[in-house]
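Okay, so chain A shows up in both of these, paired with chain B first and chain C after.
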Partner chain A sequence: MPRWGMVIDLDRCTGCAACEVACKSENNVATASPDQAAMGRAISWMKVMTEVHGEFPDNRLRFVPRPCMHCDNPPCVKVCPVAATYISPEGIVGQIYPRCIGCRYCANACPYTVKYFNWYEPTWPASERAHLNPDVSVRPKGVIEKCTFCHHRLQKAREDARAEGRELRESDYQPACAEVCPTQAIVFGDLDNVRHRVNELRHDPRAMRLMEDLGTAPKVYYLTPRQ
Partner chain B sequence: MNSRWLAERAAQLKRRPRLLGLVAAAILVAGGASLVAGQRGVSQPIAFNHRKHTQDLQLDCEFCHQYVRTGAHSGLPSLEVCAMCHQARQGTSREAERVTAFVEQGRPLVFAKLFQLPAHVFYTHRRHVGIAQLECRNCHGDIALTTRPPRRPLVRVGMRACLNCHRRTGQTTDCVACHR
Partner chain C sequence: MGPAAAARFRALPQDARTLLAPLVETTWRFYLAAALLGAITLWGVVAYVLQFRFGLGRTGLNQPEYWGIYIIDFVFFIGISHAGTLISAILRISKAEWRRSITRSAEFITVLVIGFGAIQPIIDLGRPDRLLNVFTNAQLRSPLLWDVISIGLYFAASTIYLYLPMLPDLAIIRDAGIKAPRFYRFLAAGYGDTPDQRARLERVIGVLAIVVIPIAVSVHTVIGWIFAMTLRPMWHSTIFGPYFVMGAIYSGIAALLIAMVVLRRVYGLHDYFRPIHFDYMGRLLLLFSLLWFYFTVAEYLTAFYGAEPAEMRTFWAKVWGPFAVPFWTMVLCCFVVPLGLMWRKATRTPRGTLVASVAVVIGMWLERFNIVVPTSVNPRFEFEAAARYFPSWVELSILAATFSGFILLYMVATKFFPIISIWEMREGREASVREVSERVAGYLPPEPAAAD
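Up next is the complex of A and B:
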């Protein structure tokens, strides 16, 4: 059984935020108004965090794209009172929206702050409404949502593979962020499969995970920048 | 005074059930009306006779529901599909005459969907009919034997029905395999 994970090379990331845009467009994430964003209620499953090093003019900006870490030991799953968030056998931390009661325990439990509450009914400008992705449900107001590693793509890819009577290939299932990254900083695949690139990259000496000391065992690895 | 109060109270109590009854009757009538309204369900432009087509004429479901093996939706027949046979008048029924009229006038024939899939469910006919070779009857009941289009689904398919079948046949019961 695969164990889906991601490796993000911080040396390659230019902070273009194409992953953020692709994610929002793929997953029907509504745009927030400036007022809502000021209250910290904007939703961004994939977020490019910035880090400033040094003082002007000798400063450097570093970027850290942050999706859901899909922890092997997810704190959000432990606190969910209705099993709306759970970890699948393939390691994807799923969110089942019709089950979610919006208690926001998980959002508070997540050390990476990747779980977002829908404070408002999602709205889009009229020009964008026709472009919503039919493969992803639009979340109603009052539920939590999060990065799902674009698992709707896995559903389709697996079906295609079965219809054609073959095994699932690495290229069949790639989340939108990995697909769109112009510098290929985001690599996605089965962490346990030796034929997948992520397996090789996660054993790189530069590989590290965010807040590893918490014991969450994230499945998103970062390759630290070379100095 | 005491006795007068008692008499009034007794009269009140006597009257109350009647009042309550009136209110209850009003609620029942209103509720009944709304129920009847809800029971109208789905109506079709043509009273399509499934039995005639699938039993008497031995047509395959796929003949009209063209994408049942290859698509997410099985598809509802367009006027062109009806026109394959109904270009000329077929049979003696009034509905067959109406179909021919539709064809002759080139008026679009739009059938209404009977089964509605919730937006958060990933389901494709290809996976279930094309790959797993399930019978239509498993989820749609004996719709092929109906003589008039049903206003409501003959079988109510909920998550319980999906899970029961998935468990019985050893298929995945992982939430994200079907929820999206």
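Up next is the complex of A and C:
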């Protein structure tokens, strides 16, 4: 069985945030109004974190794109009182929107702060409303949502492969962020499959995972900058 | 009250007449206070309706400040509810005779406040309409489920523990026929105070007093575990279970003392809540202020000495950062003020204990604030921008409504039930004085025979 994961090369990331934009339009993420965003309520399943080094004018910026880590041992799944957040046999951590009671315990339990809450009914500008992705359910108010590695794409890729009577290929299933990254900093695939690039890259000496010491066993790896 | 009932009321013995007086006469001050508290409570209901209609966006919560006033109130009010049952049970088991006038008012606090505490996490839900999912999709791995179970059990046990020791009093009201005869006939459940019934009742109360203690301890332990089971800095700590239980009893004693001072004043119960009661309860408060200090030092020193960067961000935010004011006010209210007042007998008076208790109640609310908010706004993932939290008027209205709703309910309860146990006072006069002297005699070696 595949174990889906991601390797993000921080040397290649330019901080362009195309992954953020692609994720939002792929997954029907609501648009927060400026005052809601200022309150810290904007939703961004994939978020490019910025770290500033040095004193002006000798600044250096470092970018860290942060999706859900899809931990093999996810702290959010354990604490959910109604089993609305779950881990699939292939290791994808998902959220069942119609079951979630909105207690936000999972959001507090996540050490990576990747779970988002719908404080209001989600809204979009009228021009965008017509272009919502029909493959992804729109969330109601009062529930938690999160990055799903675009698992609706996996479902579609599986069906296509079955219809064509062949095995699932690495290129068949790519989340929107990996697909759109202009510098190919985001690589996605089956971590356990030796024919997939992620398998090779995660054994790179530069590979590390966020807060590995917590024992959450994330499936998102980072290749640290060379210098 | 009709003239016949008034005559029957006058025929009652002195104790019963004093203690049942609030049931038959109500002053305009009571109605005024009730109207005021009722208005505040209704205001809170309006605020909640708005939040229900538009979503939790009406609060000041955000990411990563997911939990705020409601969760603080949840921990705080369930803590207050430890006053009654626990204190009353311990005093009963330890045969502390001075308990007789205190236990009923304490047990009422427990039963009436627990609902106001338990409703807070429901107010905090994004989808209160899906509340029943907690039962239909119950996931026992979640500490929230442990909470549902232990609070449910505690509510049931403490309601029984309030009701059963009240049976003889309900029978007294029924027999006196001074008020709502059908209501009291139903509640008294045919209790006739025969020696057999009395013996059985006392046996059941004795068993319940023991059973209720582990349940009460489990309730606040599990609430502490909700936080401690996560990997959040300054939450992930083994001390949280016992620390929460200790804090709960502490705030419970303070709430009970406030209730005693107020009841004594408004119902003229000076002969029942005597200076000795405030002296003894003040000593309990003193003990718990010292325990509070010990637990707090243990918690903070452990975090500080280990000096993990993630823990230290929260630590400094509390001790010297944006939360320094609530933190040091908490230390002042939970330690300095009660210790300063309660260590001297001269200030263990009704007035002194009132000041100390108000300080403790404020301090313990702040402690819950200092647990929930500073950790929430300082997530482990350091890239996250520092968050802020300002409660909205909706949250503050619901906070005010919770306080006023509880006080209102307590006031109304004193109009239907004697807030001091009549039969236990009578038993104290008739039997206990003799029993206690016999017990003390039993501690001593037999009297030497007359000098030979």
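Note that the second predicted complex is superposed on the first by the 227 of 227 C-alpha atoms of A that agree within 3 Å, B and C clash if a C-alpha of one lies under 4 Å from a C-alpha of the other, contacts with A are read in each partner's own complex, and residues count from 1 in each chain.
One rule holds for everything that comes next: a residue touches a chain if its C-beta (ideal position, glycine included) is under 8 Å from a C-beta of that chain, and two chains touch if they have at least 3 such contacts.
What you see is a predicted model, and the numbers here were worked out from it, not measured in a lab.
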Putting chain B and chain C onto chain A via the overlay, clash or fit?
-> fit
With chain A at the vertex, the Cα centres of chain B and chain C span an angle in degrees (to nearest 10) of 80
Pick one for A:V64: touches chain B only (first), chain C only (second), both, or neither.
-> second
Return first, second, both or neither, reflecting whether A:R195 touches chain B, chain C, both chains, or no partner chain.
-> neither
Between chain B (first) and chain C (second), which, if any, makes contact with A:R169: first, second, both or neither?
-> neither
Minimum Cα separation, chain C to chain B, after superposition on A (Å) | 12
Please write out, lowest number first, the residues of chain A touched by both chain B and chain C across the two complexes.
-> none
Which part of chain A faces chain C closely enough to touch in the complex?
-> 36, 39-41, 49-51, 64, 66, 75, 78-84, 99-105, 107-109, 111-113, 116-121, 140-144, 210-211, 214
Considering the complex alone, what residue numbers of chain C touch chain A?
-> 54-57, 60-67, 121, 124-128, 130-131, 133-134, 137-139, 141-145, 148, 226, 229-232, 376, 379-381, 383-385, 387-388
Chain B to chain A touching residues, read off their complex = 118-120, 122, 124, 126-127, 130-131, 174-180
Which residues of chain A touch chain B in the complex?
-> 86, 88-90, 92, 94, 96-98, 135-138, 148, 151-152, 154-155, 159, 162-163
